[in-house]
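So that you can tell them apart, the chains are marked A, B, C and D in the order they are listed, and the count of residues begins at 1 in each.
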Amino acid sequence: MTADAYMPTREDKFSFGIWTVGWQGVDVFGGPVRPPMPADRAVRKLAELGAYGVNFHDNDVFPFEASEAERDQKIADFRRALDATGVVVTTATTNLFGHPIFKDGAFTASDRDVRRFALAKTMRNLDLAAELGARTYVFWGGREGAESGASKDIRAALSRYKEGLDLLAGYVVEQGYDLRFAIEPKPNEPRGDILLPSAGHALAFINELEHSEMVGINPEVGHEEMASLNYAHGISQALWHGKLFHIDLNGQNGPRYDQDLRFGNGNARGAFWVVDALVAGGYDGPVHFDYKPPRTEDDDGVWVSAAACMRNYLILRDKVRAFRADPEVKAALAASGVEDLMVPTLAAGETWRDVQGFTPDIETLGARGLGYEHLDQLALEHLYGVR
Amino acid sequence: MTADAYMPTREDKFSFGIWTVGWQGVDVFGGPVRPPMPADRAVRKLAELGAYGVNFHDNDVFPFEASEAERDQKIADFRRALDATGVVVTTATTNLFGHPIFKDGAFTASDRDVRRFALAKTMRNLDLAAELGARTYVFWGGREGAESGASKDIRAALSRYKEGLDLLAGYVVEQGYDLRFAIEPKPNEPRGDILLPSAGHALAFINELEHSEMVGINPEVGHEEMASLNYAHGISQALWHGKLFHIDLNGQNGPRYDQDLRFGNGNARGAFWVVDALVAGGYDGPVHFDYKPPRTEDDDGVWVSAAACMRNYLILRDKVRAFRADPEVKAALAASGVEDLMVPTLAAGETWRDVQGFTPDIETLGARGLGYEHLDQLALEHLYGVR
Amino acid sequence: MTADAYMPTREDKFSFGIWTVGWQGVDVFGGPVRPPMPADRAVRKLAELGAYGVNFHDNDVFPFEASEAERDQKIADFRRALDATGVVVTTATTNLFGHPIFKDGAFTASDRDVRRFALAKTMRNLDLAAELGARTYVFWGGREGAESGASKDIRAALSRYKEGLDLLAGYVVEQGYDLRFAIEPKPNEPRGDILLPSAGHALAFINELEHSEMVGINPEVGHEEMASLNYAHGISQALWHGKLFHIDLNGQNGPRYDQDLRFGNGNARGAFWVVDALVAGGYDGPVHFDYKPPRTEDDDGVWVSAAACMRNYLILRDKVRAFRADPEVKAALAASGVEDLMVPTLAAGETWRDVQGFTPDIETLGARGLGYEHLDQLALEHLYGVR
Amino acid sequence: MTADAYMPTREDKFSFGIWTVGWQGVDVFGGPVRPPMPADRAVRKLAELGAYGVNFHDNDVFPFEASEAERDQKIADFRRALDATGVVVTTATTNLFGHPIFKDGAFTASDRDVRRFALAKTMRNLDLAAELGARTYVFWGGREGAESGASKDIRAALSRYKEGLDLLAGYVVEQGYDLRFAIEPKPNEPRGDILLPSAGHALAFINELEHSEMVGINPEVGHEEMASLNYAHGISQALWHGKLFHIDLNGQNGPRYDQDLRFGNGNARGAFWVVDALVAGGYDGPVHFDYKPPRTEDDDGVWVSAAACMRNYLILRDKVRAFRADPEVKAALAASGVEDLMVPTLAAGETWRDVQGFTPDIETLGARGLGYEHLDQLALEHLYGVR
């Protein structure tokens, strides 16, 4: 396997948020370390690296305070870069967290005017998203939450959240936009606790929506791992529900601040299973990276890290395929009975009557080894590249 | 407020698992510190303390290996204690985790015979549950999970999980039992990662079930807090979905091993909001404690800790009511606009057209303080008992 | 107990960082929500609330880029406010994290010029600290760390850290300043992993320093709890080593981003034991709050939260004293044998020979209950204010 | 690189605890899944797999309740297996946690008789350890801790801990045993909070001991990672202090229950840096595995997982060496300035006077990129085996 095998192509559908490579490094403890990056520059550079698509917040392209003229100019620049490079807008989203007006949330802000403004801001960007050809619209409710118990009536907040998404889905339907919604869960940060904290909570919530068929989820590696949850399991459950509309890949080292490391950093072993779950589950949406180049990096480092996200995905995809094709792995899977789980517990035509009172050879089954350590070691050796 | 105000009554609907006070203290690092406790003794003692109900696993009442005669005898003893004390069986469940046969799961074990046996074992205990008057049947799939990536196909596992619950729900319906199911989520321990790891994941899963209307959740304080999730938020979302069928109260100190501390220990502040969420949400099921008396306790300590669970709930309920009735709190809630969140974002008859382009006074709204610290300090002072 | 009992006095030695009430709310996801607060205004307002002292970074008082004239002016304003209010500077520290030059650390930056600059910047602020009467100088090495494995040779970094502190301690000694150093540990954020991640690591490190006698620690509630560590245990160990030179009180909800909630929020139960440990351990340094008023608050909310930090400390101190004075608690402590731990294991004059082969009544000791649940319930009822 | 390159040899100094492969699978939720394993069988099987040494608790070899005759018999069997295989006892330790007598701790139990018994039990096993040639004696104080605040006076407990270790060290010295002590930290489980919760806390504590020169630490991967701490950083600090006397390698997935996965499972990326730190730091003690074969495994699976621990270490050691020898890595290290950190901040002969007022080109240094992402990507590609 040569290094060239890991060059991204359009077919890989790699995409990045404009805000990822454009992050200037502002955190709670320090100011910017890199100059602002115009959205069009981000597009051109990502194109050079082999990215296929981009995702943007409205205020990645033009500032919150932009005049109409400035807005138009920035969008024109952005569009020119897209046209020039062939990079597509796969996805778009609204910045409902940066401005002080959203400090208490957007769709679930206590203040009704803030909520109405959040809807208006989103509708306007839905128009732009549709115009630019996005097919997925992401909702990350980073400020929808609370630091203290009495400040947010959770049931009321969920009702307002639903109201907002129902209205926006209705708007999309009425406009005839070819857009699906994807909710991005996160447990905490920047709020003490955020609504819809995990993939599961978002999946449950979607069932209550008016247009639930057009709403899925966009789980992020780091967000689920901040809650000690297994991301590969999470996306597998989403696939099982038919709701994995988008993914945000990056790296995280367990429960701590949101690290947004490049994909491959953080939980390297978990990343292998993430790619395995995506490949096995037939996920065919954008392979999106939502990461932040560390503050230690200059502009060169930004592009090194962006390229590495894609490269690591390709390396892991290669490994995952080799793992699944390995005859010894197939034998181990069979020996462990992993595939027996695909066989329904009841045979065709059986009912509860057929298992009532069923008593197998309990002692033998209790003593049986599953051989999972052997199987897992095979996987690890594929990750290590020693098989 | 005198101490007597905190004496439990039947109306409080306090219940305990037989396995809680009966825990002998076996952990990974040490053997039993207390003698076995017959289920009937647990019932009698809990009754003395003021408990209203109990919850039991089949193997809390009789051993896994019990002969039919032994089983009958133990059930008769149990029933006699129930009759003598008036303690009701509110809830029952199946031990699908203790015996080696379940080391790879029950409804999602790779081995099909194990799955069939798990169904049979559950059906038999559903009969007993119905006979003893239980109205809720809990499913905690503690061994449904994996320590390594290839050992469990998550989508297949969810299909088998659904198959099992569909069959069992069908059985209950056909038998005409007045029983609802409550799934109890847990993120990990004893498995590396457990299926349906949070309240959200379980709520989402339920939507796929054949008899979803009769299935809800039984979230446990410690289980959600092991994943850094806000338990009060979790049960509020469950209430919003109409799915909070049961609760397991105890104490935990964040992400670490499953501590099962008595209710009130662990996250004391969180406990206040838990009771507030239950009261505000109109939860009227059993107030169930699923805790373990620490290994440092002898038989006396067991009953001290059990009594304290109920007492702490009553203390907190008192505080929560006082908090909500406090005029200063009401004023603070109004000043913060907390109740405005109950007002729909759109007025009656409005559509998206009415908010499109809406632009409030952004600067003023951005500068507005929400006053949540004042509100939260009032809550804390109610917790402290200094108001 | 009336509310007035919780009014702070000078004797309580409450202090705040200028940066706490001055935090403008910038985080990774959003910009400032409050206007800048001049240090002198912070001093005047804190004085009104009853604070006794303040702590400052050089760049809390004047900007990093300040000219000499601007620096002098800002210091003069600050000093005037101190003089006018009687607020003392208990503590000072250096901002070695905000400017991009420190993005890879200060004393442990790979770049030697950065390290030299960090020393120069610190020396200059040590002069100011001494001039303003500070007795403690804090070292929080928030940028001393790494996001990836090869980027920092940990042993070399510790050697440079030691070199820096040895030089600075020598400087203080030579200048005759009456200043002690206090290292503030933190496990992560803003770096992926920070050097000296816990109170223990810092205590160990101090033993290697040239002037170890003048160096202690300044542990922060939230920083230890981000690593799931028990803060009360941590400060007790520091007291045992004679090294608790300063404390940073605030609130945190376990492993997640650094929340810096007001003291009393977060782990309310833990806060009780923190105050108990301070009182019992005879800590008599500043009772310092290092918190951040949430972004939801305006200027009023800032002062509400600052006042609440002090008030909560006083409430808890009151409770702790009542707990320790309660005859039932004393009886419970005696019954549990807690005080027996103060009795040496060997009697005076005994050696290992006296315990060799010692065999107590193992069965009786194994069966003995410690009664800790009863004891802990008494503590909880003091926290609740129901005793 | 052929698979044979990963066959363990005596020079690799691999060792296992008898209790690791001997774990029967008892946890809080279920009973044994494997039959007891006599210590001598463990020795023989480990020898076959290529292990060099073993570590044992007294009660791994003979039961707590063993008569003198039974004890002698079991020790003779164990010794025979050692002699027959050439496996050495590198390390020994005392079981001070399994029996109910230790439920409140051993050296820090409230009960003085328990403490005296713990010392006696340890002394007796020190004799056996010395007799069997162990050079390191491990102290894991798993039951030294508390679930609630008032139950343990931490300062008194540390004094008793010190008293115990001082006595035992004195005993070793007087007996002329060639044994060093290694304290194994752990943050929690089985106690709510354990004394000396991290490598740092233990290192600090050691400085207070009478024979501190003969006491170091034995940090375990999982124990540090349960507290979100970077294990490679922890052992590097221990090496810097000259105190890394022993290591316990295994796998863990962040803050949750103590998983004791085989080495290589869990944090795979972290494991690379662990081996790098050991190799770079010149650690030459036993490479010890303290893991638990999952309950899903039968006897075959036990040995598969044990062999994999060693194999994974060898694979990673190979990768680490290749990484450090790679010219591109050397160039990247130089470009990033990583090695500049080994250059003292002051030149020979310089004092604080030489850096006072030092002002570098701040803008340039602030803008400089460190290139750590490039460096880390090289490391990751070595881990992946694609370089």
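Note that in this section a residue touches a chain if its C-beta (ideal position, glycine included) is under 8 Å from a C-beta of that chain, and two chains touch if they have at least 3 such contacts.
Just so you know, these numbers come straight off a predicted model, no measurement behind them.
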A-D or A-B, whichever has more C-beta pairs in contact: A-B
Check: chain pair from A-B, B-C or B-D whose contacts match over half of those in C-D is A-B
Can you give the whole-Å distance between the Cα centres of chain A and chain D? 37
Determine the centre-to-centre distance between chain A and chain B, using the mean Cα coordinates as centres, and give it in whole Å. 30
Counting only residues that touch at least two other chains, what does the list for chain B look like? 33, 99-100, 103-104, 147-148, 151, 187-188, 226, 228, 253-256, 265, 269, 294, 296, 366-368, 370, 372-373, 376
Quick one: which bits of chain D touch chain B in the complex? Just the residue numbers, please. 25-33, 97-100, 102-104, 142-143, 147-148, 151, 187-190, 192-193, 226, 253-259, 261, 265, 294-296
Seen from chain D, its contact residues with chain A in the complex are 1, 3, 6, 33, 225, 228, 253-256, 262, 264-269, 293-294, 296-301, 304-305, 308, 311-312, 315-316, 319, 366-374, 376-377, 380-381, 383-386
Using the touch definition up top, name the residues of chain D that touch chain C in the complex. 99-101, 103-104, 107-117, 119-120, 123-124, 146-160, 163-164, 167-168, 170-171, 174, 187-188, 193, 195-205, 207-208, 226-230, 232-234, 236-237, 239-241, 255, 269, 272-273, 276-277, 280-281, 323, 329, 333, 336-346, 351-352, 355-360, 362, 365-368, 370, 372-373, 375-376, 378-379
